[in-house]
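Each structure below is given as structure tokens.
Each of the next two complexes has chain A plus one other chain: chain B in the first, chain C in the second.
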Partner chain A sequence: MADVTFTVDGKKLTAPAGTLLIDACKAVGIEIPAFCYYPGLSLQAACRMCVVRIEKMPKLQTACTTTVAEGMVVQTETDEIKQARKATIELLLGNHPLDCPVCDAGGECELQDMTFKYGAAESKYVEIKQHREEQQWSPVVFFDRPRCILCYRCVRVCGEGMDVWALGIQNRGVSAVIAPNGQDHLECEECGMCIDICPVGALTSGTYRYKTRPWEMTHVATICTHCGDGCKTTLGTRRSNDGMEIVRGDNRDKSGINGDFLCIKGRYAFDFANRTERLTKPLVRQADGQFKEASWSEAIDFAAKRLREIRESKGGQAIGVIGSNRTTNEENYLLQKFARTVLGTNNIDHHRTVDYVSFAAALAGKSERTASLRDTANAPAILLLGNDPTEQHPALAWNLRSNVRLNRARIYIANHAEIKLRRQAKQFLEIPKDGYASLVQYLAGNDSVVAANEQTAAFRDAIRKEESLLIIFGSEFRGRDIQALVEFGLSLPNTKFVLLGDYANSRGAADMGLLPDTLPGYVPVASAAHFADEYGAVLPQNAGLDLLQMFDAAQSGNLAALYVVGSNPVTRYGVDPAVLKNTFVIVQDMFLTETAQLADVVFPAANLYEKAGTVTNTYGDIQLVKKAADKAGVRSDFELIVRLADRMGADLKKLVPFGRGVRADMGQTRGAQSGEADRHSVWLAAHGLEPKLSPFDPFATLDEIQRLVPSYSFSRLELLAGSDQHAKSELVQISAAPARRDLVLPSQDTLFTSGTLGRYSDKLKEVLDSHTTPKPVEAAAD
Partner chain B sequence: MSIVRNIAAISKGMSITFKEMFQPTEVENYPDGPGPTRGAVLQDRFRGAHVLQRDENGLEKCVACFLCAAACPSNCIYIEAAENTAENRISSSERYAKVYNIDYNRCIFCGYCVEACPTDAITHGHGFELASLNATNLVMRKEDMLVPAVGMPGELAAHSDSVK
Partner chain C sequence: MSTPATTIFSPETAARFDRLVTLYPVRRSALIPMLLYAQDEVGYISDEVVKEVAQRIGITELDVRNVLSYYSMLRTKPAGKYNIQVCTNISCMLRGGYEILEHCKQRLGIGHKEVTPDGQFSLEEVECIGACCWAPAIQVNYDFYDELTPEKMDAVLEEYKTGRGKETR
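Our next item is the complex of A and B:
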């Protein structure tokens, strides 16, 4: 729209006509206070805090509902306005308890801030405050009614933002009260957005309430370890007896790729890190078959000695390596380098949740064809094939809903189930579970493959008319189907693609070559010349065993050793424990999982919240992971791989290119430390390397990744500043997808599960239980 | 005239000296004096070792708001908060201090914590005999600082954290 010019507090401003006055002021740094206004949600004008004086208007006007107009003259901070705001706060405080010292919001409460600013500390109201007991609405949501100032933000974010509509208003006027949909409890997605958005402490979090105060915690913004969306979650940590403990996860500064949004897993499912049964000492299986705790040097020596013996007697092909979906890119890269140079094998794989290799091959050489998570919030048209983002990619679902609501995006959905997002869809097509490939053929113009009717024809016509389409698809497409879909998409103008994988770094695991047939950047193992040059080693040329072949080999006695990093294949693939009885198994994990129970050596590993590095979400957005928590006794997978390689006699300078250049880790990877846990400096001191770098420096490995993997040539400065960087799929050096089984096993996670890791989260379990056993409806909430 | 002024100044000073010479002496016979303070005379405003107060029902006044820890310039207060339950009620509010430590190695007795406290839970007592040969003894726990639960209803005393 055309720009208009107006004056605020004597400053001449320009903004597009139709902009809300409050937004226009904020854009130039004039902050108008508001409780009920929230960008992106519908207007409420309930709190009367944003009143301003506009010339030629008889009374004070609300800035949150007034649009800017040509020649408008506005005052935002006069004595009259201050008096009006003070009176508003006085009324709000009329029934607001003065329990700031115990309130969870104390210190980050908007009402507290405004009371300080406008000084309504003393009230002329003498009426007795009405007290109501606190109510628990769900395992994660508590409601303290007297604190509520009725801004309706929670009602709107739950309804408009989440499309859940679990909160509403009961009664009218002074007796109005926020109430949940299930009489006395919430029936919802437990996202916690209502708690996040509450300007006061009326809605409080079940994991954080009464634990500590905001200023007592150290806040570290890192990337969520759960699904493939890669949301930023800010972890509040405090010192504990054995390191730094996570007390809270939230979306504190909303600066991440997820914008305003964070789901239950990012917000509450950090509690696995604090579980008491976490491993903190290495375990070595004794002759009697029992595990015994061992010292680090004993356990690493033992594991390294056995691996070396096996490598020397049977060769690398008798060793298998299984990587993780939740370790950093640097760790994944280092693991494949360790497997290929130190162990001398291509038998390396991970739990694949989608077929990234075929996707990379289909898009090789095509620039600007993959979309960021950010693009899903403003693409004009979206075709969603398969997957259920509401359950598996909550941030994507949020973006799609917001996009429809704010930008009137057109969403076309074809799915075998009636997924919730169909409520936002312009057209929804229900197709059989095996009908995705034929649907793509039909869309491409082949009428014979599906039972075409008016509905399918309308669906196809609408999609083909779109001038800029974003195609989002899930694990229903593999191999050739991806190729066909991409070909169809490229026949339309301006198409972008997104492939939805399941875990925090599934994409990174594939990008970093945790696959038997491709090196980092999807370079086929047979054409590994520049990798061999860089590594200074002879790399195995033939494709290795994939994950299932490794277990077959173990059964037939051809796999002498298996190295499992942060993965639980025994449960995931239903492996018979007897298969591994003659294999030497090393497992790195947080817990004694089913796989770890079969191991000969178990190393206690750190999780993604306890290390630094980068991860790549399923859209290809590379983000920085910062170390937030710390636990005495565990070590990062990076350090464990380095130590194992060291004891196997590998040259560490070749494995981790540390000591080159000036990209030193000056302690960023260490995070908040307590006590003696500073292993980084211990190693440095022990080897006379203090002023240089250590082999535990993931950024040294990131240097090497950026040298060897062209699609990861992003700005390091931007990354360190906290921005997300998009991988450049056009630079992937792959011509055609190798003919092989795709081995895709979707995780089938819901909002409340997260693979093996989710089983160790008490909060997720509690929420899951509360959703599977419905409560009997009792008295009304009030 | 400077000689006259100098003599006047000296005689004014000496007059105070000579007057004080004939006053009775006042000696605090600490530590051999009478009473619980063993002869030490302390002003009301004296800022000694902290005392954590109880309310009229014998519940702890501290609600673990962390404001004392935030106000402390020497960072010597460590608190862990926990939630009161119906069965185990420690303070009158929703939250209480499960752990409340003051490190007297660091405390500078500035009194900011007392000023910051919204519930008048932490106060300065008159305890000053804090010297120790072992620095680890100088970290006082909540049980060391809490006023004894004597004279309060037995029910509450049974639930109290106090060891005294």
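Our next item is the complex of A and C:
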């Protein structure tokens, strides 16, 4: 819309017509206070805090509902306005308890700030405040009625933002109260957005409430360890007896790729880190078959010695390596380098949740064809094939809903189930579970493959009319089906693609070559020349065993050793424990998982919140992982791989190219308060002394990744500044994909599960139980 | 957003509801009239009423409860057979509305929004019922009695007690 010029507090401003006055002012640094106004949600005008004086208008006007107009003259902070706001606060405080010192929101409460600013702590009201008891609405949501100022933010974010509509307002006037849909409890997606958005301490979180004060925490923005969306979550941590403990996850600074969204997992499911049964000492299996705690050097020596013996006696092909979907890119890269150069094997794989290799092959050489998570929030038209983002990619679902609501995006969905997002879809097509490939053929113009009818025809016509289309698809597509889908998409103008994989770094695991047939960047193992040059080693040329073949080999006695990093294949693939009885198994994990129970050596590993590095979400957005928490007794997978390699006699300078040039983690990536070593290096840096470079520095490995993997040639400066960097898929040097075995095993996770890791989250378990067990019927007292 | 297969309402009311939802530009506009008619038939807004009304309009039960709890003339508990509604707004107040209310409380032995143990009477203090010219006024279900005094009030109560009162529900 055309620009209009208006005056605010004597300043001449220009903004597009139709802009809300409150937003126009904010854009130039004039703050107008508001409780009920929230960007992106519908207008409420309930709180009356944003009143301003506009010339030629009879009364004070609400800046949150007034659009700017040509020649408008506005005052935002006069004595009259101050008096009005003070009176508003006085009314809000009529029933609000003034017990800020014991309130959970004390120190980060908008009402507290405004009372402080306008000085309305004194009141003319002498009536007794209405008190009501606090209520628990769900395992994660508590409601303290007297603190509520009825701004309706929670009601709107739950309804409009989440499309859950679990909160309402009941009664009226002074008795009005926020009410949950289950009358005394919530039936919802437990995302916690209502708590996050609450300007006061009325809605509080089951994990965080009354544990600490906001100013006692250190806040570190890092990437969520759960699904493939890669949301930024800001972890509030606090010093505990054995390190730094996470007490809260949120994203109030909105600095991340996910804006202000987080689902239950990003917000609450960090509690696995604090589980008491977490491993903190290495375990070595004794002759009697029992685990015994061992020192780090004993355990590493023991594992390295056995690996070396096996490598020397049976060769690398007798060793298998299984990597993780949740470790960093640097760790994944290092693991494959360790496997290929130190162990001398291509027997390396991970739990594949989608077929990234075929996707990369289908898009080889095509630039600007993959979309960022950000694009899903503003693409004009989206075709969603398969998957259920509400359950499996909550941030994507949030973006799609917001996109429809705010930009009137057109969403076309074809699915074998009636997924919830169909409520936002312009057209929804229910297809058979095995009908995705034929649907693509039909969309491409082949009428005979589906039972075409008016609905399918309208669906196809609408899609083909779109001038710009974002195609998002799930694990329903593999191999040739991906190829066919991409070919169809490329026949339309301006198409971008997203393949939805399941975990925090599933994409990174594939990108970094945790595969038996490809090196990092999907380079086939047979053409590994420049890798061999860089590594200064001879690399195995033949494709190795995939994950299932490794277990087959173990069964037939041909796999002498198996090294498992952050994965639980025994449960995931239903492996019979007897299969591994003659295999030397090393496991790195947080817990004694079903796989770890079969191991000969178990190393206690750090989780993604306790290390630094990068991860790549399923869209190809590469983001910085910062160390937020700390746990005495655990080591990062990176450190463990390096130490194992060291004891096997590898040249560490070759494995991790540290110490070449100036590159060091001086603590900035890990949070200044996260440990003694970090503060030491901050002190060194502050005094102009050269920081200590070590083979444990993952950023040295990132240097090597950026040299060898062209699609990861992003700006390091932007990455360190906290921006997301999109992988350049056009730079993937992949030849047409040969027919590959389909090993995709979707995780089938829901909003409340997260693979093996999710089972160790008490909060997820509690929520899951509350959703699956019916509420007990109240028994009569007798 | 559909007509349920089985309904808790009489065929006449169900038919009326089928029509009501088509009368307005948006279906949820039918909510308040539906609740009023449902209350007349069922006696109060039960959980079953909330459920079926929500289903008929295509909104959540929470939406129904939000509106239901806002309006004082919608009740979620059964009233007595005869619901005495005493107006205490300005005209009635000036002409003795509170006296009438107090009188009813004593005679019936119940307070505001309470029901007599035999279920015959319930009492309510209400806002203006539009009978200001003949204040003080009361309503018994849908029947009006005006220019009341405590004595006249006794007569009205006596008539209903003995079963001679006007049936308007």
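Keep this in mind: the second predicted complex is superposed on the first by the 750 of 782 C-alpha atoms of A that agree within 3 Å, B and C clash if a C-alpha of one lies under 4 Å from a C-alpha of the other, contacts with A are read in each partner's own complex, and residues count from 1 in each chain.
The working rule: a contact is a pair of C-beta atoms (placed from the backbone, for glycine too) under 8 Å apart; a residue touches a chain by one contact, two chains touch by 3 or more.
Since this is a predicted model, take the numbers as computed values, not measurements.
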{"item": "Chain A as common anchor, with chain B and chain C clashing or fitting", "value": "fit"}
{"item": "First (chain B), second (chain C), both or neither touched by A:Ala179", "value": "second"}
{"item": "Included angle at chain A between vectors to chain C and chain B, based on C-alpha centres and rounded to the nearest 10 degrees", "value": "80"}
{"item": "Partner chain in contact with A:Gln170 - chain B first, chain C second, else both or neither", "value": "second"}
{"item": "First, second, both or neither for A:Tyr210, with chain B first and chain C second", "value": "first"}
{"item": "First (chain B), second (chain C), both or neither touched by A:Ser367", "value": "neither"}
{"item": "Which superposed partner A:Pro101 touches (first chain B, second chain C, both, neither)", "value": "first"}
{"item": "Closest Cα approach, chain C to chain B, once both complexes are overlaid on chain A (Å)", "value": "30"}
{"item": "In the complex, chain A residues that touch chain B", "value": "99-102, 106, 134, 209-213, 215-216"}
{"item": "Interface residues, chain B side, partner chain A - complex", "value": "63-67, 69-70, 81-83, 93-95, 118-119"}
{"item": "Touching residues (chain side chain A, partner chain C) in the complex", "value": "165-172, 179-181, 183"}
{"item": "For the chain C and chain A complex, residues of the former touching the latter", "value": "60-63, 65-66, 69-70"}
